[in-house]
Structures are given as structure tokens and as C-alpha cells.
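Input: structures, listed below.
The same chain A turns up in both complexes below, where it pairs with chain B and then with chain C.
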Partner chain A sequence: MKFTKTLLATTALTVAAGAAMADDMTIVSWGGAYSKSQLKAYHEPYSAKTGVNIINDDSSAEAVAKLRAMNEAGNVTWDVVDVVAADAMRLCDEGLALEIDPDTQLAAAPDGTSASEDFGDLLVSSCFIPQIVYSTTFGYRTDLVGDTPPTDVCAVFDLEAYPGKRSLEKRPINNMEWALLCDGVAKADVYDVLATEEGQNQALAKLDTIRDSVIWWNAGADTPQLLADGEVIMGSTYNGRLFSVIEEQKQPVAMLWDAQVFDLDGWIIPAGLSPERQARALDYIMFATDTQRLADQAKYISYGPARKSSAPLVGKHESLGIDMAPHMPTDPNNAKNTFLYNYEFWADYRDDIDAKFQAWLAK
Partner chain B sequence: MAALTPISRKPMTFVLPIVAIVGAIAGMFVGTSFGSTTLGFFMGAIALAGLACVYVNLFDNERMVRWFHIVGSIVLGYLAAGNIGILLAGLFGWFSIWFIYWIYEGRYRAKLLPYLTPGQVLWHYTFYVICGSIFVFLITPILVVMPLSFNAQDFFTFTDKMLRLDPEGYSLKHYQDFLGLREDSNGEWLRSFWNSLKIAPIATVISVSLGTLAAIGLSQSHVPAKRAIMAILISPMIVPLIISATGMYFFYSDLGGFMENSLGMNKDFVGYVKVILAHAVLGIPFVIITVTATLVGFDRSLTRAAANMGAGPVTTFFRVQMPLILPGVISGGLFAFITSFDEVVVVMFIGSASQKTLPWQMFLGLREQISPTILAVATILVALSIMLLATLEILRRRSERLRGMSPG
Partner chain C sequence: MSDTTDSGPMLAADGTPLKRSLARALRRQKIRALMLVAPLLLFVILTFIMPIASMLMRSVDNEMVGEILPQTVVEIQNWDANSGELPDEAVYAAFAADLVQAVKNKEHTKLGSRLNYEQTGLSSMFRQSGRKVKNWDPVTDGPFKEKLIKAHKGWGEIETWAAIKTHSSKYTSGYFLNAIDMQKTPQGIAAQPEDKQILITLFIRTLKMSLIITGCCILLAYPVAWILANLPARSANLLMILVLLPFWTSLLVRTSAWKVMLQQQGVINEVLVWLGIVADDNRLEIINNQFGTIVAMTHILLPFMILPMYSVMQTIQPTYLRAAKSLGATNWTAFWRVYFPQSIPGIGAGSILVFILAIGYYITPEIVGGTDGVFISNRIAYHISKSLNWGLAAALGAILLAVVLVLYWAYDKIVGIDNVKLG
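On to the complex of A and B.
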């Protein structure tokens, strides 16, 4: 009897204590160094300002699938989600993300420029609040490429000058563009050519020439590991990963910025939140995407802030003390020859070219 | 075992080819690491056979030759590969000189029965080699992780410094990262470890209680449709986890919605309840199976005797039946614990970030950054698993002893 009473009392207390606690805010991101940079630049100052406790969930990789499931089950547990622009577009089209009016719901630049002008054409979807510009580019082992280090992206396809393995992402996006560019197609025509059957075959034929020397990667961490091992002499990955390999891990690796492909990463707010949670999420977004906060994030990771007004405020790395501006993919020295991820093209052709690419891989 | 068979020295035509084969295999490994497998193969064969020839024909003092050979190997190893060479060459030197005399003096025959044919002797040792290879095959992937977890770099790479056994190539920083002692560690590892330690024991207690009761109930002769019930209870073990997880996701999100909205419970608390219940369901089949197995050897007349002496069913269960089936209950509990502790699929579906368990964190770490902290955690988990298995084995022996199945 006594035991039962104690048990009941404890249970009642736990439930009561639980109910009394304020709800936390769950923010979903990619994990690793990227989440850490957001924690330092956004979450900590926001918690200090408002007292809201923020929980970090590293589920961005499966964000689309999970948001669909949550929506179906009618229980959305996420408050703010970090996704790449392409995912944001899908979520927006399916009605799973909240539409945002940049001029009323985002902070203006310090000089009064409206948010829509400050972000400019990076506002690629009405649900998407851009945060950073990152690029997919190549890194190479300085000690394994001989006396003439590569300066343009076609070195990847040049097995004579640079024999050895290279790592490429296991998907057609970016690889097809690079292949055409190095097969003599002018940069302006790349997507016109890639839209045709012959163009796709041409790109695959170019990839065929290095096929035996390619190690295909799936996760952003693969190429840094392969470069550190010396298993590949060059490989594509996100520029922030290469920055960490070069500056933090001190590996003999250098960047090949040529023909880097810009992509955007940013926030969405899931549709279907309760009014209080939605208001809180909007307040967080207003705070976390203002000019100073975006510039602050660059102290922890080498991704470029999405606002034009943030660029002059980018300072030194928090622990390494080096100037971050030259490591930004958007720095003029690095951005001499760039692509912007072509969202419309890939939205239309992705399934088709994906199937072809996979068939080619399996051949 | 004492010597069974008188031994005699073997002719050179017998010794040299065998020694040459061993030398060739060793040479192949050395050759591969220096770039030429074929060259290593032949050099190894010639070198070891040549040495064997010199040793057994020109010297009588076996002890002296042994020391000479081992010291010589170590010096050569050091010249070729530095510190790690001392270790490897020393080991191989010790083995190869033992092997040469083992063959030459015919010692390999000493402990075998005298009437075995050469074919049977060969098979006897081939069998040992096969068993040894299987053991190596099973254990190497686990062992290779351990030195890597002391890597001073943030990659899964044996660096030059590590291979030279240079202390600078090793560090405890990944263990510090796990424990949250480093400046840049965010405490996620420790938090998820504590989450696992909270979820697994509670889920285990629930699985053990329900599983044991189910097993006892199903062992009664008057229960109808026993097999069907058993099959349903064991199904979480048989149905692919991803399917259970999807089903559980929708079931538990309704349940969680009810607990949060209608009962007004805290979101975190509900999250833990959901994960614990799901893990308990996954653990129940293991308990049922192990307890059912122990109940097979349980003597039913004991419960009737207890009833005869006035004990109620509950007293009988706790005083008579439980102590006898305890080993089965505990090993079922250990399996249930490990199931929950290792589980990553269901928790990713059902849990939210506050319920992140250790396997989930390892999965994320592997996908996002291949951090050697995973290896440090793996090493710690291997140590924990060894302790759990040792407990299991000790319990098993105790139960056998109690039931008089083995002496001592």
C-alpha cells in the first residue's frame, strides 16, 4: 500500500513539474560544425535576449520526408528548419512551409535598405529565408599533384597531367555541368545543351573518360577524409569542409575555386504551427537573419552571408584569428568563374537525368 | 599433455619447402607494404629457407641461434620501418625461429597420437589455422577501431606518426570530446549517452516484467491458441525494423498528441515515454524466448508442492519459480537492454531531439563529419559489451552448477 502511494505521488509530481516547464523551441539543422556556428551566432544570443531554450535537432538531411510525415500525423514538433533552397521550394510547393513577406517579417539593413532588396535575387522562393551562400568546389592535395598545381576545373578531367583518383558526388548535379564545360561547351550554353538528349550523352561521355579514376561520395565528410588519407588527389565537396581541412586540420590541401557552384541554405518555418509557436518562430527569424547576425556566423564557418549588407562586416575567425573574407566563396578573388545552382533547370530535368546517370553508373 | 610420440629430426627436403612457404606468406605482406608483392613473395621464401638451412646445418646451440635470429629481425625491422618495425619484426622473428625448429626437430608430432598418418597430421594443423583465420576475420574490424580512437588527427587515418609509435601521433582528445571536456565539444555526446542510460534500463524493466509474465502464461497447458499468441508477441523481432518504426511513428504521435493536449503533460516527458514504450516492445521477444527456454527445464510439481503447503500463486511465483528461472530472466533482460541501447531506427522516427540516444548521435556524427569521437565511443561500448557478455556467461555457469549439470 505504501509503495503504491509513493508511486502515485511521484508520478503526479513528475507530471506536474513537466507541465509547469515552458516549452522549448526546436530548431533543425545539419549538425557538425555548421550547427555549431549557428549555435554561437544565433541561438546563444537569442536565448540570452528572450530566455527561450533552444534545442538543436540535426535532421535537416531528412527534413522533407519528416515534415511530410509530421504533417500527416498532425503533430509538427519542429519550430524552425534549416534546408537547402531546392528543398525549401519543394516544401513550399507542397504547402508544408509558411510563406514569408520579406519586407514586413524580416529586418531591414542598418542603412534602411529593405530586406527584399538586401537579399536580392537570393530570395528564390516565397517560403525561404536565405542564410548563407556556400559552394561546391574542388580541393587538391598539394603534395600529390606535381609541380604545376591545377588552376582550372578541367584538371579534374585531365588524367595525363594529374593521374590519380578523384572524388565526385554521386549525383548528376554539378558533375554534368563541369563535364560539358570541359568538353568545349561555352558557359552560357551549358544548360541549353544539357536540356537535350545529345547534350546529356556528351556530358556522360566526358565523365566516361575518367570513370575508372573516380571515387563517388555521398556525404560531405567523405572527400575531406579521402583527401586526408591521400586516397584521392582531388575531390569536390562543400567549401566549408575544405576550409576546415586546410586551416583547422592543417592538411596539405588547397582550394580550386574555378567553376565553383553556388547554392543557398536558409530557414523555413513549417506550416501548421500553433499561433504562439508561429509568432515565436517569426521573432527568431527576424533576429537571426539580420545583417549583424549573418555576418557573425562567418566567424565560425567559411560560408558567405546571404545579405549584401553583411559582407563588409565579416571579421576574423573566432579561434584561428585569420581573416575570413578571403575564404568566402563570394570573395571577388574566388568568384572569378562561378555557377549558381540552376533550380529551375534541375527541378524540370532532375528525375530524367538522375535515371540516366544512375544507369550510366551501373553500366 | 605429455609427449605421446617419439620425435626425430626431419630431412632438409621436408623442412625447407615448408619453411619457404611461411617465409613467402610473410614476405608477401612485407612486399605489399613496400610496393611489390611478387618480389616480397620470392624474397621471403628464399630468405627464410636460406636462414633455416644455415641455422640447422652449421650451428648446434639452438638457444644461441634463437637469440641471434630474434635480435637480427628486430634490427632489420627497425632499419626498414622504425619503431613499428621493431614490434612486427620481433614478433615474426620469434615465431619464425620457433617454427623452423618446430618443423626440423619434428616437435609438431610429439603431442599427437602415434598412429596418425601424415595426412591426418596435416589436417590437424590446417584445422587450427582455419579456426584461427576465422577468429582473426571476426575480431580485426573491432580491434582496428581501438588504436584509431587515440588518433591525434580528426580523421579515420593511421598517420605516419601513429605508425612510428610516436607519442605525438596519439591523444585522448576524442575521449575528452566524448566527455565534453574540450573547449569545442558541445556536450551532445554525453547528453545522448545519458539519454541512452535513462531509456534503456526503464525499457528493460518493462520488457522483462511483461515478457516474463507472457512466457509463464504461455507455458500453462490450458492457454488456447498458444502458438498464434507467441507468434504475435515475437513479431517485433521478425518484422523489419523500418516497418515497425513507421507504424509506431503514427501510433505514438496520436498517443503523444493525446497525452500532451488532453492530459497537459510536458513535451519532453511524453517524448521519453514514447521512446521507452517502443523500445520495451522491441525487447519483449528476447525475454519471452529466453524465459520460455528456461521454463522447459522447470519442474511443475514444485509449484503444486508450494500450493499444497499453503502458498498463494504470488508467493509461489516469487519464492519458488522466480529464483529457478532467474538466469533466463536476466539474460533476456540483457538482450532487451542491448536492443534498446543499440537501437537507431525506431528512435529516429519516434524521438525528438531531446531524446537523442547514443546510436543516433553516432549515426549523425558518421554522416556529417566522420569524427573519430565515434571510434572513442565504439571502444567504450565494446568494453561495456564485453562486461555484459562476461556477466551473462558467469550467470550461465552458475545456473548449470546449481542444476548439477556440470561439476564444480
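On to the complex of A and C.
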């Protein structure tokens, strides 16, 4: 009797759990302020509209590796994943992400412009739904750089005018490009030069001139911390992190937008979901990447919306009340000199140049 | 059986030969024992041995190339990579057929990223060619040699085909060679170009620094364990909590705390500047280098040294020291000749624990190691989660495992593993 009861109760619980599962959706992102902006702009309105319960998982940094493992195990537990464009391309290459047709599976702009036109060039991979434009750029301590604050990215390589430590990301991407730019290579030629053995050596030789003054970072939060502590006088990181140091924490830090490197972040839907989960993921994507939602996200974090039609809708910061448009990497004043990250190049050369870069670091 | 004579085998009470009866009883006992450990054994096999074995298998597994290019790998065997000439039409036709099929299955880019580990540029070649060959008919559209070269000029380069041929076998030694800064080429095994050699350096550095960290732990832990073992129980327990408290704190918190302590604007430098020992514009660099890694890791691993030492020292009778002194030994002789030899099993156990933990550490070196304080495990983590070259990561892991086993064996030979005690 007791046994039957237990059995019944367990079955009931399992069914209940199963039913609850059906309304749960796991969305993977980067955590911190960025996930919070998505929660406010996308998740909360979507849950209110559909009743779907959204579970957040802050695993985007290892998303490609984990998706590959899930795929091999035949059990993909994620529904929608936030990744940078380069990772989306790799997931697409490996068949781990679902291909999307922008014109039928994404919302058109309010004025009827098709999604593929609204996103334009930013649709860099057939699996990738762009969300924001962010940039990797430099911030500097206004009180530690002397009377002539830097205006040029080459200040990073100028130890005479700006003595002190600087922080750079511990990987070749971006650093090699900046090194070549400051070693006299024209912007248009950077990737052609970097594809050659001599070009790679030239970039490393330029980096060699400052290597004793560099602190290498791994996490996006490192540079803001190092700047706030006064450990470095300038350093590279994502522009949204610098925004929060400057505007929210009121540290004596300023942006050096020169030669900022644009990159994209957006969604992918993992391949191999059940039809119901896939349909729900697509429904979420359709909602979360429409013109208004993308503009809403800019209220919480200073990353530029990926749709052209969202730009005019960008308003004020939700708690600070300042205009967000001048803090966007895409604002004309900030984007006077920008550098476009070349995905194809790095997909090919990443392993090769990284081995050289790491060997150089270890020397 | 009943008519066995006196010269026959000895019988048990039930008439079976005693030998067999004993064997049966023993077997039954063994089976019972096995049944008792079976759940644990099964658990260990399923969750520990199998995943590790399957991960290590990746270090030699190369089935992907043959699976995605089944006709090409057969056809290309007839081509000599050192002939200085491109393969003939047969290879191109086989490859075109394979590629069209692969594009249909959406596998061509996967293969591209696999081969890109060996030959830079193949990733985009496969991706770009995939778009162009999508609508080719492998039966009627030939010949393919020119068409492929037109689709991407890389198909007209001997290196491309040499890379495919070299890496077409089902199992490969390529990952292991890469792991020791060598590479597989059509001409045989060769060293990596000098500016890409890094892994051997990292292996040696990992071993060297793990030894230094173990040494530092021994020096710091020995007096602490000695005091703990010789204090009255009440104060010893109190001190024990001080040892355990950091042990219970999150690893990341402790590592980050070292950052705050050691950085140039950090606590130690500030105090030194304030005391006038160090000039303000010449602060000590004690983090983001090997020194930082050694300090932070010694601190983090210290409890693993103190605890085994403490439990061994507790069992050493204080009367031995008194006896030695009463027989005329000096303090030092009594310690060195009587006490220390008895505490060696604790040092051994602690050292093995600390050394093996240190050799596989990666999060602490990543945070405080800068460029010259990172370990081989940081590279393994990089290849697992960033470059996705799991074959190379598996090969590095296998080598690390082998090194640990060899060191363990050497330790057994020199010190003797029976000489290790946890209490």
C-alpha cells in the first residue's frame, strides 16, 4: 500500500517536472551587466507575453566547446545561445548551429524593410542573428597620462610620451592589427601583411618594444579593475565595460575610441533541438531581435543595436538618465577611425598565429 | 568417489576432495567481496575510467578525414607527395564527388577546421569552395582539376594535397608529435618552426615550478605541523582551524586576494613604499610572473602538506626525543637522527599530494601567472575551450598523465611507496 503510494507520488512528480520542463527555456549568455540588460530588454517582456520561464546560463565563454560536447553526447540542453560572431561561424562550420533565413524567420523593421536589409552586412554567417555591435578599444587614466591625453591608438606603443603599464588581451587578435597599424602599415593592407610570415614577425617585433610594460588580461573585467586600481595607465577592453567604469563608477578614466575594433555579438540556435523546442527558440529570436527590443537593450548597456532601424530609437540610460547615443561605438564622433575585424582571416590563421604569439609570450 | 583408497586425495566432510571444496569456498568469498565493491567499481569505471579513456583516444583518432572524403583518401594513395607535381584528374574527380556529398551533409567545413590545424588556410578554402561546388554533378560535370582550381586557387597547390594525404589515415601520431613541438610532414617527422615551439618549454616549466612549490610547501608546513602536533589538544584544535579556514575558502577568492596583496599598487608594495624601503617609482613586480604563481600556489596547496605531516607527527612518541637527549644527543642530533626520520612518511605523502595537484593546476597560474608563470594545463584548457583542437589537448593530457605515472614510479623506486603515510 505504502509502496504503491510512493510510486504514484513519484510518477506524479516526474510528470509535473516534465510539464514544468516544457515551459522552461535555457538561454546562454555572458553574465554580469550584459545578461542583466538582456533580462530587462528581452527575457522579462517575453516571459510576460508567453508565460515561458527563462533560465539563464552564463556559459557563453565556453559555448563552442560545450555545444560540441553536448552534440556528441546527443543531448543538447540549451535553447538559445549568445556568442560572438567568430564563434557563431565556427559553430556553423561544425554543423552545431541552425541555419536561419532572416527574411522569413526574423521580424521585418516597422517600416517594412526586410530583416536581411535591416541587418545588412552584419549577417556574417548563415547561423548568426546579430544583436549588438561592440568594440574593443582603449581606456586611459586621465590623471596618469600627463597634460596631453592620448588621441591616437599608437600612444599604446609610445613609452616615452606615456610611460607606465598598459593592459592588452592575452591573445593575438586585435593586438597584432594595432601593432601593424602603428608600425606604418596602411589600414587596408593589415590583413594582407598579417597573412605573411614577415608580417607576423613585424607585428610581434612591434609588440616586443612594449612587452615589459604590458599586463596581459584574460577576462573583460580585468582592464577596468586594473585601471581603477591605477595598476595600468591605459588598457584595452570592451567599450561597455569602460562605460560602466566611467559613468557608473565615476573613475578618472576616459575613452580612446581611435582604431576601435568593431565586433558583433548575437544569437545562435543549437542544431539538434526537438521540433517543439526549435519552434519556441525561433519564436523567442523573432521577438528578441525586433527593432524595438534591440533599441531597448541600449538603455542598460552601451552597445550599439545591430539593426539600422533601431538606431533612432536609442534613448536614455535607464537609471543614470544620460543619453546613450554618444556612448555607442557606432556614434559618428566615436567612429571617426574604426577597424573592422576580419572573420575569415582569423578563422584560418587563428591557430597558426596563436601558436607563434604564445611562443613569443613565453620567450 | 566412495571407493577412494587411502592413497587418494583428502576428502572434506561431504565427500568432495578437500582442495576443491576449499577452492569453492574461496571463490564464493571472492564473488561476495566483488559484489560488495561492484557498485563502486561500476561507478568508477563509468564516470572516471571511461570518460578519460575516450578523451585519450581522441589523441590518435583521425577517422573524420576518411569518413568525409572516402574516395579521395583511397585515390590519393597513388600520388607521390614528393613528386613535385599535382595529383592527376582521378584524385580531383574523387575529391569533387566527396566534396559535393560533404556539402550536402554539411560536413565540409568541419573537415576544413580539422585540416586547418595542420595547414593554415584550409578552413576558408573548404568553406568558400563548398559554396561553389554545391550544384556540381560528380558524374557529368568533369573534368574537375581545372574547375576546382578555378573555384579556389588553393586546390592547385601541392601543399594542400600533401596535407590531405599526410593526414588521411584512420589513426594519427600527428597530435602527439604536435604536443612535443614536432610535426608530421610528407617528408616525415620534423621539428616545428622555432617560433612556434612552446609546449616542451611549458612542460619543463610546469615540472620545475611544481617542484619549487612542493619544496616551499615542505619548508613552510614542517614547523606548522610540528607545533600543531606538540601543542596541547585545545590550542592545537584552535590552530588547526586557522589552517583549515583558508582550505574552506573558494579558490578564486584566495587567488584574487593575492592579486590585491601583490600588485604594484597593492598592500605589500604600499607598505614597503610607506616604510621607505622601496622607491615609489620603482615598486616591486611580484605578480603576473613566476614569483606570483609560486606564492599563490604555495599558499593554496599548503594545507595538503600540513595535514598529512601533522597526522604522522602526532604518532611520533615524544619519549623518543627525551630518550635521545638523556643519552647525550644535542637538540639538533635528537631532531635530525630521531625525530626527522620518523616524520618522512608524512613529508612523502604531502609532497606527492602537492606535486600532483600542482602539476595539473590551471586557474591560479591563469590569474596571477602573467606570461612566464603559466603551466601546460593552461594550454590544455585553451585547446579544449578556445581553439577546439581536442586531439592536441588529449595528447597533451596523455603526456602529462604519463609524466606523473613515471614520477610516481621513480618515487616508489627511490623512497618506496610503503614509506608514505597519511596518519
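Keep in mind that, in the parts below, the second predicted complex is superposed on the first by the 340 of 363 C-alpha atoms of A that agree within 3 Å, B and C clash if a C-alpha of one lies under 4 Å from a C-alpha of the other, contacts with A are read in each partner's own complex, and residues count from 1 in each chain.
Following the convention adopted for this analysis, a contact is a pair of C-beta atoms (placed from the backbone, for glycine too) under 8 Å apart; a residue touches a chain by one contact, two chains touch by 3 or more.
Since the structure is predicted, the reported quantities are computational estimates derived from the model, not experimental observations.
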{"item": "Fit-or-clash call for chain B and chain C when the two complexes are aligned on chain A", "value": "clash"}
{"item": "Partner chain in contact with A:Arg90 - chain B first, chain C second, else both or neither", "value": "second"}
{"item": "A:Ala186 touches, of chain B and chain C: first, second, both or neither?", "value": "neither"}
{"item": "Contacts of A:Ala279 with chain B and chain C, given as first, second, both or neither", "value": "neither"}
{"item": "Touching partner for A:Ala33 - first (chain B), second (chain C), both, neither", "value": "first"}
{"item": "Which of chain B and chain C A:Asp229 touches, first, second, both or neither", "value": "both"}
{"item": "Contacts of A:Asp354 with chain B and chain C, given as first, second, both or neither", "value": "second"}
{"item": "Touched partner set for A:Leu320, first chain B, second chain C, both or neither", "value": "neither"}
{"item": "Superposed model, chain C segment overlapping chain B, candidates 94-102, 166-174, 274-282 or 400-408", "value": "274-282"}
{"item": "Common interface residues of chain A - those touching chain B in one complex and chain C in the other", "value": "61, 229"}
{"item": "Touching residues (chain side chain B, partner chain A) in the complex", "value": "153-157, 184, 186, 249-250, 253-254, 256-257, 263-269, 352-354, 356, 364-365, 367-371"}
{"item": "Chain C partner contacts - residues on chain A that touch it in the complex", "value": "61-62, 64-65, 68, 90, 92-95, 165, 170, 201, 215-216, 218, 229-231, 344, 347-352, 354-356, 358-362"}
{"item": "Residues of chain C that touch chain A when the two form their complex", "value": "106-107, 109-110, 112-113, 116-117, 120-124, 127, 192, 195-198, 201-202, 263-266, 288, 366-367, 370-372, 374, 379, 384-389"}
{"item": "Chain A to chain B touching residues, read off their complex", "value": "14-15, 17-19, 21, 23-24, 26, 28, 30-33, 36, 39, 55-59, 61, 69-70, 72-75, 77, 219-222, 224-225, 228-229, 248-249, 319"}
